[in-house]
Each structure stands twice: as structure tokens, then as C-alpha cells.
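Once you scroll down, you'll see the structures, which are given as C-alpha cells.
Shared between the two complexes below is chain A, which has chain B as its partner in the first and chain C in the second.
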Partner chain A sequence: MSVGFPRPTDDSTLLVKEHAVSLVFLLQIKNSIMLGAQYSLIAIGFTLFFGALNVVVFCQGAFYILATFIGAGLLSLLIGAGHLGPIVFGCVAFAIFFLSMCLTGLVGVLVERTTIKPFRNAPLVMPILSTIGVGIVIEQLLKLFYPQGSNPQVFPEIFPLTGVMLGDLFISVSELVILAITIVTLVAIWFFIKKTKIGSHVVAISQDFEAAALMGINVDRAIMVTFFIGACLAAIAGFMNGIYYTVFRYDMGAMAGIKGFSASVVGGLGSVYGAVLGGFLMAFTETFAAAYIPGGSAIRDVFSFGILLLFLILRPSGIIGEKALDKV
Partner chain B sequence: MKDKSSILTGFIFACAVFAAVIIFMAIDNMAFSLALILFYALASILLVKTGFWKKVRNSISDNPKKLCLLTACFVLATPLFFFNNPYVLHILTLACIYCVATIGLNIQVGSTGMVNFAQGAFFGIGAYVSALLGGHFGVSFWISLPAGMLAAGFFGLLMGLPTLKTREYHLSLVTIAFAYISFLLVMNFDWTGGPDGIADISKPVLFGFKIGQTVTVGGVTIPGVAFYCYMVLAFLGIALLVAHRLHNSWYGMAWNAIRDDEISSRCYGLSLRKSKLEAFVFGSLFAGAAGALYAHFIGFMSTENMSFQIGLLMVCMVILGGMDNIAGVLVGTLLLIVIPEKLRAFDDYRMLFYGLVLISMLLFRPQGIIPSKPRFFDLKKRV
Partner chain C sequence: MKKVLVFSIVLACCLAATFTMANDVVKIAFIGPMTGSNAAQGMGAKNSFDLAVRLANQSGDFPYTLEVVALDDASDPATGASAATKIVSDSKIIAAAGHWNSPVARATIPIFHENNTALIIWGAIGVDLTDKYGKMYPEITRVCPKLDAENKYLANFLTEKGYKAFSVIHDNSAYGADCQVFMESSLKEKGATILSTDAVNVGEKDFMPILAKSLQLQPQAMYYGGVVTEAALLRLQMAKIGLRNVLFCGISGIADEKFNEVAGRSAEGAVIVKPGDDAEIAGWDDFVAAYDKQNYSEPMGAYGKYSYDAANIILAALKEVGPDKAKVVEAIRNIKYKGLLGEYTFDSTGQTTLLDMGIMVSQDGEWVKWDDSSYAKGEKKLVGLK
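This part shows the complex of A and B:
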């Protein structure tokens, strides 16, 4: 023990330690929620695609990173344009987000038209491979043709660096914004599926493709809308990633896509609520394993994939999934 | 009864391909090799359109033994042309090593219809086990190679177990998860060298002769790569033989049956569990052997060579060549290794090239360059 300092009583060290532990715990919960929100949105996209077409679109991760690049590029142009008032700036930034989201959605529709539709009656292996190919192409195009695309990019700071204190936990404005975006998006998805006509079309084709077509539902249009929305969700997750971590790189999409797919499988492929649950479960596992297992942060992905493997062995249908019957 | 087609067509074709390969490999100028690639592509399209290709195929299938012998002679003669150019030999050896791995992958992707993205991981497991045994315990290459194969086979079995309940996407997801998990673990263990990898892996020694040392015989300098190239060719020959026999055995039949219809093959009494696990184990054995050959060839092994991208690249090779066709897989692997090496200046565009090749093959020619033939049974000959 050090000599010169008054030795703190045992009580107070315990108090400080306990305090620090609980703060770390709260921080981890915050991190998990931030990460889980991203995974959930990507996973909902996977679930929608799978429901509509019975295909897994492996380039979801590419949509995610594509949107981040488009958004960041346009935002830095805006910031370079000179000083605008905070209200004008906010409106334009929002418009930019909306625009890049829609652009990504259109790319999603384009991908469906060109590389998924031709394989509608082909073996299921084909769309897996073709969408992986699309993912590689998008990623490489970003790397090669975006200015300095192979280096890590910085997402522009658009929110003020202040925040609120919740007890001892500091929550910044950008984190609050992410939380708000997540809730709004989830409500919007719920509204889309339950309350709109085209949403009910999407549900109908996911229940029975042929019967839906026979009932006069425009199947192609419903699929197009599904892909637009799925890619938009990936785009929103991409923005959240950019806002929260502020640094991104062209090859981050692949991992995010695979995590999102894993989350949708853990939750039960085909179920939107399952995708949200799966996303948060994966995020919590990953974050807590990284924080509390020694040497865990370098191999944090091992834990989330471990959860996935566990589910595939013990409960392949996922948390909410129905047990699939073999179709002959 | 159809007349047997003459061996001459096949002979001419083999000679032409041999000459084309030698010319292509010998050229060092990039613009010229680009022109040559275009020329070859046009020539092969012309070949198919004029119907010459059908004659060639008939000729090959009617005289398989003689033409195989001829091809083997050509393949063995190829390194002789490049004794003064070790770089070409290096590429050829690398391509042959990858061929061994993709032949194994073809068992899973082509024959059984299970898209496995973890072949890169098995490649790495074979390489690491072999290199570590040689480096830490001084085990000879001839023991560490089978050890690497067995380790890869064991992990193949381990990965096969969770895939038994899954199909299609879920199966691919299991293999992707396995590829990432093994990559991350190897990257973060201390005894694997972590991100630094393993350096100074010794070359194999056969009867006191170190394969990979330069030898001068009667004024002719034979580069060390040439010996290694011949050794890899021997391994490739064994791998081809094994894969061919497997394809024509009940194993191959069972795998094809599972690919075509799981439920009906189960109704006919096939054990899906057993057949699928066999496909995984056999495929990983090939990958393990390829990995061990690679580690001892380059002399350095790091996690970069066992990443998910390598597995993806191998799947591309199988798709390009033709699923469930061993000759096609060889062609696909050679093309995807050699062409990017020849166009070195476009190295940044390599992954883009792979992605575009994958998409365009799936869209325009999903059966691959050389499609697999339907199985043909002659009861009298008992093929």
C-alpha cells in the first residue's frame, strides 16, 4: 500500500467500485441498444425479403454501406457549401438523409429486377450466389470510385456534442436521435404492414405467393415495394452506424449484413418481431461478452456467431419462427 | 449402335489447347495478354457455334484413356517450357494447389448442392496444422500433411453436425459463421502467431533431397519451383483420381440424389445425415491437403489466406468452371488464378472482376463453362 496517502476506509472503496461497476453496466446497455437497433433494422429487411420471395438477399450489407457513403458524401458537400442557419441546415440534412435512403431503395429495386427475378424458379442456391456477387460489386465500386474509397471515411458531425445526464450516464444528442429514429422506423414498419393496402399485399404474398397472385394482387409491384423498403431499412441502419461510430469503411457492410441475417435467423426468419428480438439479443451478447470476458473484445463476433450456431442446432426455427414443414 | 468418333478430333483439340496455354503463359506483355484473352474467348465461342465442340466432346468420351494419357503428358511437359521463368511456374503451382481445394469444394457445392463458404477456413486449418507441426515439433512434411488433412476433416465433421438440421440459406449461414469464427480465433490465439502469421515454414524433403532447391544438371539450371510444381502435380493427380472414383461410386450417386431431391432420396433409404457428413469430411480433406501444400510452398501462412474471401473465391471458381464436373472445376480455377496474375496492373480491380464473373456466369451460363453431363448407365459395361 502507498504510505503517504490516507488509506480510504473499506466502505468507500467498495462504494466507488460498486458505482463504477454499475456505470460500466449501464454503458454496456446503452451500447447494446445502439448496436441492436442497427442489427434489428437490417434483420427486418432480411425477413421482409425472405417472406416475400423466399430468398435471402446477401447484399443487404452492401445497401447499408452504400447508403452511408451516399449520405456522408452529400453531407460533406453541404458542410462545404458554407454556413447556414441551424434550422435550414437541419432541414437540408434531413432532406439529404431522405434522398440517400430513397436512392438506396431504388438500388434495391434495381438489384431485384436484374439479379433476383431471373432466378425465381431456379434452384435456391442461385439467388444466394448472385446477391453475394452484387454485394462484392457494390463494395468494390465504392472502394474504387469513391474519392479515397479504400481508406476509412469520417462521417460528418451534424449533431451538437451536448447531451443529457441520466443519473451518471451521459447520453448525447446523436444517441437520442438514433433512439428516436429506431422507434419511428419500427412504428412505421408496423403501420406499413398492418394498416396500408400495399402492406397487406406484402403479407399476402409471403403467406402464399400463388394464391395472392390469383386473388389479383400485383405480385411484381408488391415485391418491388418490399425491396424498396428493405433497402431503405438497411440505409437507415447505415446512417445510424455513421452517426454513432463516426468512422466507416467500404468493407464494413459485409459483416453488418451477415450479422443482420444471423439476427433474423435467431429471431425466426419471416417474423418481423422476431427480427427485432434477434437483433437485440445478438447485440447484447456481443457487447456484454466483449466487456466482461477477458480478451473478449477482439473475438466479440465469435460470441454472436456462437449464439447463432446454438440456435441453429437447438431451435432452427428461431425464437418466434414456426416449425417449417418439408414441402414436396 | 453409334460409330465411335475418331480420336483425331480430340488429339487436335488437346494440342491446340496446349499450344494456347503455353503461348499465353509465356507472354509477359499486358496489352498482348489482354488481346489474347479476347481472342481465346472469341475462338471458344466460335468453336461452340460451329459444332466442333460437340465432336470434341464425343471424341473425348469415346477415347477417354488415350486422351487422358495425352493430357497428362502435356501437363507434365508444361513446366519444362518455363525453367528460365520461375514466376510462371509459381503461378502454375499456386493454381494447381487451389485446384486441389476446389475439387474438394465441388463435392459439396456441385455434387451435394450445399453451398459451403468455409472451404477457405479448412484450407487454413490444414495449412496451420501442417506448418505448426513442422515448425514446433520438427515433424516431417510427409507426416504433417496427412495430419493437416485429418484436422481439416475433423473440423469438417464438426461443422457438418449443425448443418444437418438446416438447408440452403441456413446451411450457407452456418458455413459463413464457421469461416468467421475460425478466422477470428486463429487471428487471436498466441500460438498461431496471431496477425503476424507463421514464417519460415520448411520445404519438404524427399530421400534427402529438399524439394524447392535449385539444381544445375549438365549446364541447365532447374529452378526449385519446378520440383515443387511436379510434386503438386502428383498430389493433384491423386486428388483427381480420388474425386473421379468418388463421383462414379455410390457416394457420388448419393450426393447427386440429395442435391436433386432430399425427400425422395430419403424415401429410397439414403441416410441424409451420413451422406452429408461424408461430403463435408471428404471436401475438407482435400482442402486440408491443399492448405498444407500451400503453406510449405509459400513458406509463410497468415490469416489472410484463410479468410471468408478465399472461401468465396473458391465458390466462384466452381461456379465458373461448372458445378459437379471435375474438368470444369479445373478450368474455372486455372482461369480465376491465372488471368488476374497476368493482368497485374489491374490488381485493384481483382475482386470486382470476381464479382462480375460470378453474376454474369449465373445469369448467362449457370451450368458453367463445361457443364456436367447427365449420368449415363450402361448395364452391360457397369459404368
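This part shows the complex of A and C:
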């Protein structure tokens, strides 16, 4: 492994053809992982919400884009503030990400309190509709009140353009950061569910809401924590999207939300590990269909949603899910 | 009795006042993308349109006040159609200039035709807009070049520079598909090879799967048939994946500073066709000065000059035949108007006979006219050629 810039692949004419075939394959795997990481985190949010309340929270995509706007806005202010040393800049940028994530988490809690809790004993279609409504409201508020909100926004470039060579494959710093964030987040989620008391409360209410309440678990608090974490996960996925693709727009959350929801269904609604698997399965399908099926790039979504349909028909409980999708 | 008389007089006065006021204003409409991905294009064009009307009001040539009704089509056919309906249902609006996106123009053309209201297309370059609709409907004319001409111009320029192996990516709108067809045929005519053709959805942000394939194919140049944001993302991802040394090219759909802003350093050396050759335009400096004087918050963009000319063509027709929709339609079709870009006449399809284009190259973060660039002077070299 060597570190440096410029990269040898900068001059594509240097590539030997046979060499290129395997490199291209590796690149597709890298692309799939980058995309899969985002889908997985959004999907985990869906799965946590569904586990806790048996509802599908359709504004998860809006949390994703809201966090991107907050983070990018604050970062632009930071960059505009003048030149800081790389270490100070890094620390402040990290603090900004953390702050934006927490703010989005709080919005998640607020949404639960105001638009989901009142419908706890209402027909299931009510919270679905109310969360779709909240999603639209958040999107439109961003469009109307963020400076030039309806235009595509550029996510500030915060990582250096260098990277590492893994054999022939170049992995940039931003890609390494995305990988690191994914791993840390997944470990943190595992830790939260398995090792913390409040995590076990969340698991308990997802297994049996009434029994958990009878056992003295503060269900309201557990649900609040679930929504905070779910929205935070969407926020992290939003940052990843900004860092990786560098452009975002107010209406990008809807598609990300639908993809994340599909991933959680494919993996099995209610299962965190299933959500991760589902996210990566959808990302791999999409990327490889776009790359290797002639004309596939124009209809890549057809393939990823095709997987969803296959699962809904053949295995509605998803890869490792226990709950069938009879309540959505 | 006295009360009734006073009331009648007051009522009559009010009615008369309303009538006179209403007669004093003649409206002309502008439609374009003022929000969404292409808002920069639409705002620049709207401002230029507005400028033409302000200058006309100041000139005192019109016995009434001219008013601009500017509506957003958001690059969306449905939004465009509802804006067009609003325009044709307002009897005070005599004519309109519209659209940067061809699919939106396709949606509104029938509305303008059915209501016998003139539409001058200022920025949509789909071939069929005039070849098909302009031929059938006298209401439709266009002041900017068509995309077949732009693609041919670009293909000639690049093949003359020695580019022979191209990869083509286009979005799957009718505009993108037309770009692909005309670019590929123009390139093949010049003996170039098309190594790959790929389509993507409008709004696509992940080009990596396609680009990874291009690493294998080793094109000299990558052509994108689509618009600004996707083009910039594509160029950015080309650099990321290791295709920095492949030339990036496209037509006027990319001619916007937003491309340079989004693509950042990777924009350097991208080559595009821009309609019109500003430096050659007599009166260009006056136009720029007048535009700057109004303190619009957005730059005029690549199509500002077209919407300015479109507005002036409508105004010239108004001056000639008065505020009568049907007569204005006819007057525009038969006009001979000396505008910013030269003398406008429209052929039997409503297409302008003025077809002026130039090559631009991205240099140090902005579009620079080819002849003025360091690339033309040999100080910098376009990538992709050995």
C-alpha cells in the first residue's frame, strides 16, 4: 500500500487492457460499497422505527436531506470564516457534523411527538400519511427558505484529494472516511442494541410493546431514543452522500428514502442486520446492472426495485426478517 | 334622486378609470426555469427579457405601459403547461417568449397554438420544436440555434483537433437522446469512432459504473448530451475515477458557470459550444452595460442575449400591428428585425436564419472563448491527445 498523488490511473492510456478488466470490476465493487453504506444506514432507521412502533416512517428521506443542508450550510460558513489550520478545521468540521446530526435527531424526536404519537392507537395508515406530509413540509421549507434552495447545492470539499493505492485501486481520503464512518456507525448501533440498557428497552418494545410497558419500561422514552437514533442515521447517510457526490438538492431525500425503505424490506423490516444486507444487495444490484447490462445505466432503478418486488412476492419477510409485511 | 345621480356618476367614473387603466397596460410574458437545476439559465434570460421591456418603456415609443409577466416552468413540462395556460387565459398578454428545456416547450406549444398566442423560443434547442411544430403552427418561432447545428459544430471542431475515439453518455430525455443521435452521426461523418454509448436518467448523480467501463475503452474524449448539473458531476467523477486525461465535451446545455462551480478543478479543459459569438456582436458592450446598470442579482447567462432579442422582436411586432394577438403572430413570422445578434428573419419552420456559434473552453474556473484561451495560444494543452 502506498500513499500519494498523482495516481497512476490518472492517465487511462497507461492501462493494459487485461489489467483494466479486473480494475474495473474492483471499481464497481467500491462504488457499490459507497452506495450500499448510505442505503444501509437509512434502512436501519426504517427498521428501528418499524421495530418500535410497527409504522413505516416515510419522512426518513427528509431527515437525510435536512441534515445535508444543515451540515453543508454550517461548513460553508466555516470555510467563509477564513483560513484555519488543518487540525482546527478538522475538529470544527467534525463538531459541525456532530451538531447537524444531533439537530436532525431532535427533529426526528419532534416529528415523533407531534405527528406519530397522536396516532398511536389510530389506523396504521394515519402515521404513514402524516409522515409523508412531514417529509414534504421539510423539503419545501428547505426549498423556500435556504438561500437559492431550489437550485443544486455544492457540498464543501473538506477532505484532501489524496488517497491510498490498494494494488491498482485508488481509494481517496473521502472514500476512506465514508468507510470508517460506516463501520463506526454499525459498531455503535450493535453496541447500543446489545450492550446498553436503553438499547435493550428498544429491543423489548419491538418484541412486545404491551409486555414491555407492563414490565415497567418507559416506552415513550424508548421510542424517543429510537427516533433520535434513526434520524441521526439518516443524517450520517446524508453527509456521506454530500461528501461522495458533492452535489445535493432539496428533493433528493425522497428517492433516498424510498431506496432505504426498499432495502429495509429486502433485508427484513425489523432486523438491523437485514437492513445492512438489504442496503448492500440493492447497491450491488444497481451498480452492476448499470455497468454490465447493455443500456442498464438508464434503467438501473428498475433492477434495484425488481429485487424488492422479487422479495415481496417470494419472501415477504426479507432476507433475515421475522415480521412479514402485513402491516404496511 | 340626487343620491342615485351622485352614485351613478361615481360608478361611471370608477368604470371609466378602470377601463383607461386597463387599456394603458400591455403585457408580454416570459417562461423559463427560475427554480430547479437550470434556474441560473432561466434567471439570466428573464432579466434580459425584463431589460428589453424596461428600455422600451423608457424609450416612449409605446402609447401604453409594457409589463412583463414572468412565470417559472421549473424545467418541468407540467409546471410549464400550467404557466402557459395562465398566459393564454390572460387577455392582456399579447405574446410570450419561453423555455430553455425542449420537453417543456413540447408541452406548452399546443397550448399557445390553440389560443393563437405567439411563442418565441429563446433557449430550447430540440430539433423538432421548429422542424415539426414550427412548420405546422405559425405561432411558434425560435431565436436560438438548433441542437443538430451545435453538435455538428462541436464534432467538426474536435475532429479537426485530432480527436478520433469518443465515448458518449446522454440523459434519457428527448433532448439528451437527440444530442446523442446528432453528435454520433456528425462524428461518424468525420471518421471518428464511437467506443460506447450509455444513457442515464435525468437527475442521475452516480456515473461511476459507466465511467469504470470507460477505463477499459480508453476514449480520447467523453461527450455528454445533457445539462449542467449532471455534466458537472460526470466531469467530477471522471477525475475521481482516473479519467482526468480524457477530454470532456458537450453543447450549450452545459454552457453555464454552475458547471465550473460544481466540477471545481476538474472542469479545466472542458470544451463546449456556445450559441452566438459575443465579441462579434455590434452593440454587445452597450447591452452588457445596460444589464449591469439594472443591478440584477444573477448574471445574464448564455441565453440572455436570445431572450433579450426575443423580447425586442415581440416589441417590434407590437409596434407594427398594435396589441392584437393574432396580428402579432403574423407580424413575428414575417419580421425583419435587426437585433443584438444580427438581422432576424424566420424560415418556413419558424427557425431563425441566424446561426452563430462559438467554442468555449473551461479555463481557471470560467468559460473562456476558444480564441482568447491559453489553449488556443498553445500555453495549455487539451487532454486526450497524445
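Quick note on the criterion: the second predicted complex is superposed on the first by the 306 of 328 C-alpha atoms of A that agree within 3 Å, B and C clash if a C-alpha of one lies under 4 Å from a C-alpha of the other, contacts with A are read in each partner's own complex, and residues count from 1 in each chain.
FYI, a residue touches a chain if its C-beta (ideal position, glycine included) is under 8 Å from a C-beta of that chain, and two chains touch if they have at least 3 such contacts.
Here the structure is a predicted model, which means the values were calculated and not measured.
Student: After lining up the shared chain so the two structures overlap, which partner does A:132 touch, if you call chain B first and chain C second: first, second, both or neither?
Tutor: Once the two structures are laid over each other on A, A:132 reaches chain B alone.
Student: Does chain B (first) or chain C (second) touch A:316, or do both, or does neither?
Tutor: A:316 contacts chain B only, not chain C.
Student: I'd like to know which partner A:301 touches here: chain B for first, chain C for second, both or neither.
Tutor: The answer is both, since A:301 touches chain B and chain C.
Student: Can A:120 be said to touch chain B (first), chain C (second), both, or neither?
Tutor: Neither partner.
Student: Counting only touches as set out at the top, which of chain B and chain C does A:56 meet: first, second, both, neither?
Tutor: first
Student: Return first, second, both or neither, reflecting whether A:194 touches chain B, chain C, both chains, or no partner chain.
Tutor: Neither chain B nor chain C is touched by A:194.
Student: On the A-aligned overlay, A:148 touches which partner chain: chain B = first, chain C = second, or both, or neither?
Tutor: After superposition on chain A, A:148 lies in contact with chain C alone.
Student: Of the partners chain B and chain C, which touch A:262 in the superposed model: first, second, both, neither?
Tutor: A:262: touches chain B, not chain C.
Student: Identify the overlap between the chain B-contacting and the chain C-contacting residues of chain A.
Tutor: On chain A, the residues that contact chain B in one structure and chain C in the other are 295, 298, 301.
Student: Which chain B residues qualify as touching chain A in the complex?
Tutor: 109, 113, 115, 161-162, 165-166, 168-170, 172-174, 176-178, 180-181, 184-185, 187-188, 262-263, 308, 312, 315, 319, 348-349, 351-352, 354-356, 358-359, 362-363, 366
Student: Enumerate the contact residues on chain A facing chain C in the complex.
Tutor: 7, 9-13, 15, 17, 20-21, 23-24, 27-28, 31, 35, 143, 148, 150-152, 154, 157, 170, 172, 245-247, 249, 252, 287-288, 290-291, 295, 297-298, 300-301
Student: For the complex, which residues does chain C have touching chain A?
Tutor: 35-37, 39-40, 74, 172, 198-201, 204-206, 208-210, 212-216, 218, 229, 232-233, 236, 240-246, 258, 261-262, 264, 386
Student: Touching chain B in the complex: which residues of chain A?
Tutor: Of all residues in chain A, those touching chain B are 50, 56, 115, 118-119, 122-126, 128-130, 132-137, 139-141, 144, 254, 258, 261-262, 265, 269, 295, 298-299, 301-302, 305-306, 308-309, 312-313, 316, 326, 328.
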